[in-house]
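Structures incoming, each one as structure tokens.
You will see two complexes here that share subunit A, one where it goes with subunit B and one where it goes with subunit C.
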Partner chain A sequence: MTESILSAKHVSKVFVTRGDGAVFAGTTRFTAVDDVSFEVPRGKTLGIVGESGSGKSTTARIVAKLIDPTEGTLEFEGDDVTKPSGRALAAFRSNVQVVFQDPFSSLNPRHTVEKIISAPLDYQGITPKQGKRALVRELLERVGLNADHAQRYPGQFSGGQAQRIGIARALAVSPKLVICDEAVSALDVSVQARVINLLNELQAELGLSYVFIAHDLAVVRQIADTVAVMSKGRIVEQGDRDAIFGHPQHEYTKTLLAAVPQINPEWELERVRMLAAEGAVE
Partner chain B sequence: MSITSPRTISIPVPGATLLEVEHLTVTFPTSAGPVEVVQDASFRVEAGDTLGIVGESGSGKSMTSLAIMGLLPRGGTATGSIRLNGHELLARSDREMRRVRGDKVAMVFQDPLSSLNPYYTVGRQIEEAYRAHNGGSRKNARNVTIEALERVRIADASRRVDHYPHQFSGGMRQRIMIAMALCLEPDLLIADEPTTALDVTVQAQILELLAELQRETGTGMIFITHDLAVVSQVADDVLVMKDGRQVERGTAEQIFSRPQAQYTRALLAALPRIDDPFDRLKGTS
Partner chain C sequence: MSTVPSELAVESEAKGALPTGGAPTPARRVIATLMKSPAVVVSVCIIVFIALLAVCAPLLAVITGWGPYDFDKSAIDSDLGGIPIGPLGGISAEHWLGVEPGNGRDILVRVAYGAQVSLTIALSATLVTMTLGVVLGMVAGFFGGLADQIISRVMDFLMAFPTLIFMIALLSALPAGNRPVLLVIVLSIFGWPYTARVIRGQTMTLRNSEFVEAARASGARPMRIAFREVLPNLRGTIIVLATLAVPGYIGTEAGLSFLGVGVMPPTPSWGQMISTAVGWYAVDPMFFLIPGTFLFLTVFSFTVLGDHLRTALDAGDAA
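== the complex of A and B ==
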């Protein structure tokens, strides 16, 4: 059995909206996340998939401690982190980092790449032993960017490069867990493939654990070891990736998988055979 | 050259050439000199068929469709030839192009919310579009509108016609845009990433609806998308674009089973899959 780095037990989030007291009296309660439990195996990736309104992003924000759950508990490496404060919260923040969907809106356009990447260090009051500048160069190289571009601004990079900057920033404090909230959704397919490869490489090198949230099932299949399927705030099914994709049990998972557009398998086979015959594929 | 009146639109003959684009080049002036965002694109769409245009961001796929609609952003110029039912569209006045749009060519965009006016009921918006092109009474336009909403399966259409855009879900709003396009009975429907903003189950419904309506009406379609799997399902012919150039063109079967261009092959290799045909092949060989 794999040890888990993070576990969520019976987590719920209820949003309460107050009426304006005139036309809309009283308050309405909306349960965005409804009694979800899951584990993130150490060094592996938990994929959370769902459609809009499924509660997957709220779940991501709870796990990242950007919002508190209404009910339930969160444990990180065996410690209760449901409502940490002070030193415990600071420690959690250096262990858990987030990569967001839109690379440009999550990077300050007026800051240099160096400043952006080293910001988490400044918040944490960490001084890297090799020096900040050297660490930024290392991180840029690690995510496949030119280390000499540290003094450039986000606007000078493409979408895929900007997302690499977001990943480099997340890695600056040497986190153990990275939460990727639709981290590749805004990218072109070829760029997306390269960023997924990068995430997989970083995981192998650094032993990172990921929570990978996405609406795109095919993308989740590329990266996740275990998968949780969410619908209307609940996890309807979770398990090993191959089990979820190969033998879905829940009706909703089946519907979701059936709706994913696919290329005619006969065309795909013909193409693979053609490429093999040309020697393009071993 | 005279423009044909909308009344003379003939019923599309399946297989007849509806749209013929030759050597289309779209140029924008920049401080660094003119930039060709579409370079020498040539393709055709047969009546009743769907041409899929695929490409990544910056490939020129949307500019190609805007050139056909005569809706290029300020400063953009198109050269070459765009013939619809044999009539040249380039070099027409804005006024003439307004008649062509809607009468003959309609468009469905990615984000239905930004294409609908939030202050008007959906019914009023469809009625206005219909009357602007076909005239007739308000009452007739309203009947046409309700019928169009029923065709795109908006339940309880006679009541929903008086609702505002925000009262509909994303998938329903896209159905409304399709209803608006279809009640104009265009010869050619251009759908630019019509399902990109939608959930996958809703996307499946919209794709099915488009295919069904196309079978019924014989409308030719240009389907623009970045999603290769989607295009493989909807298109008869496929045009692959990159950096403003057409990389490859062929039937869907040719493009997906025997792609010739390196770029097409790379794109297909990068596509994530929920079911891996390569695994299956390894099992058989």
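== the complex of A and C ==
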């Protein structure tokens, strides 16, 4: 058993909304994440898959400390980070960074690439020893971009390039854990593969740990070491990648796998069997 | 997985595929678009001309030899009740745009000094309302909650007010003092909610954008997010609002001066000249036409420029 860098224990998130703004309307409670527990092994990748509304993005936002969980605890490197404040939160932010889904809307269109990438340094009051400008150039080259493009604006890049800028920003404060919230979902399939390749390389070079959220099983298969499958706010199955993809135990996982068009004849056979079974039920 | 492409592919995607020469910066693109429109070029020329007139007013007084308060009894016919001597309201080599009936003051010099007063008041009021409107609008939109409630109610209150009546009442009641400063204060009090309302709405949209979320995840504090992430995205809106606010204040200032509660004589102002001209329009229509034309051209040029700016900036956002 490998040591885990982050662990979530019995985490739940309930959203309370006031009904339609009417004066006497009651409140609506919606449980987005329901009693979820998982561990992220150090230097490895935990993939979280699920369809829209399964609570995987809420889970990502909880882990990134963008929202607080209603119940449960989070531990990062053994320290409790469920509701950190002040210094503890600042320390957490320098260790955990996020790569967002839409590369363009997550980059401020009015800032140069240099300003975007160095923003986490400015916000956390960190001065890199080689200088900010040099660090930005280093990061740009590390993610496979031209370092001379530091003075350009996000609108001048393609989607894949923009997402590399988002990755460079996440790396600026030398984090230990990077949360990729649907980080490749908005990209073309070929570009997806290259960005995943880059993430795998960075993991090997820098020893990063990832929480990789996606709805696309093929993508998760390429990057994850362990996989958690979410449905309706709960983790229905989790375990080793090969176990999940090879021998799914839960019905939902099987349905998810069956819904993916396959090129492997064996999987295709399984898919046909699944669909046939479904048809028989109906 | 074998679907991962080679290193070579990574290189080509990452480093190539940018348009050669690089796209122009947003500001340069907007200026280029604007300069293609003849209406904008003419408007800008008029605005520059009026601004030069205002700045060079003392110089003009020296060149023509007439100060804004100098009476020229020789230019008017006192037997006919003081109407200017000569055609078109006394236009001559001595007085390029004629003289005021009754006292013979040089119209060109008074229009130039009037431009100084009008533009100073309008630009100051714009500066104050923009600052107040942007700060309060951003606070309301970004922080929401109680701050939003308070600011929004004050805005509702001010916007529901019968502004003109209140301005007239307030300015009549106040001691003469420094009229231009009073005008700026009164215009600003009633003007900022119109800016703040727009800024508040835009801030509320921007607050939920992913790059604000990204800044929060990067460890930014709310104030830094507001000023570093949100404010630059309001730049276009602020420029357009300011450009369209200037003609509004010029018009309101002229209106108040026309009604006798604005700039007090003998300080020249366009509205006041038009007001005086009303009594003379039958015998000396030029006295009404000249300041009226300057007022119209200034307000019209700023409005045209503002409208085109908005169109150009909107097109940029959509692209």
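Basically, the second predicted complex is superposed on the first by the 257 of 282 C-alpha atoms of A that agree within 3 Å, B and C clash if a C-alpha of one lies under 4 Å from a C-alpha of the other, contacts with A are read in each partner's own complex, and residues count from 1 in each chain.
Just so it is clear, contacts are C-beta pairs under 8 Å (C-beta built on N, C-alpha and C of every residue); 3 or more make two chains touch, one makes a residue touch a chain.
Predicted, not measured: the structure shown is a model, and the values here were computed from it.
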>> Going by the contact rule set out at the top, does A:268 touch subunit B (first), subunit C (second), both, or neither?
In response: first
> Touching A:18 in the superposition: subunit B (first), subunit C (second), both, neither?
Replying inline: neither
>> Output check: A:107 vs subunit B and subunit C. Expected answer is one of first, second, both, neither. What do you get?
In response: second
>> So in the superposed three-chain picture, is A:10 touching just subunit B, just subunit C, both, or none of them (first/second/both/neither)?
In response: neither
>> Contacts for A:124 in the overlay, against subunit B (first) and subunit C (second): which applies, first, second, both or neither?
In response: second
>> With both complexes superposed on chain A, which partner does A:159 reach: first (subunit B), second (subunit C), both or neither?
In response: first
>> Is A:256 touching anything from subunit B or subunit C once the two structures are fitted on A? First, second, both or neither.
In response: first
> Which partner does A:83 reach: the first (subunit B), the second (subunit C), both, or neither?
Replying inline: neither
> When the two structures are overlaid on chain A, which partner does A:133 contact: first (subunit B), second (subunit C), both, or neither?
Replying inline: neither
>> Please report the subunit A residues shared by its interface with subunit B and its interface with subunit C.
In response: 190-191, 193, 196, 221-222
> What residues on subunit A touch subunit B, complex-wise?
Replying inline: 51-52, 159, 188-193, 196, 215-219, 221-222, 245, 255-275, 280
> Okay, in this complex, where on subunit B does subunit A touch?
Replying inline: 56-57, 170, 199-204, 207, 226-230, 232-233, 252-253, 256-259, 265-275, 277-278, 280-281
> Which positions of subunit C touch subunit A when the two form their complex?
Replying inline: 1, 3-5, 9-11, 13-15, 17-19, 22-23, 25-26, 209-211, 213-221, 224, 228-229, 232-233, 235
> Can you list the residues on subunit A that touch subunit C in the complex?
Replying inline: 64-66, 89-90, 93-94, 97-98, 100-102, 105-111, 119-120, 123-124, 143-146, 149, 152-153, 155-158, 160-161, 164, 166, 169, 173, 190-191, 193-194, 196-198, 221-222
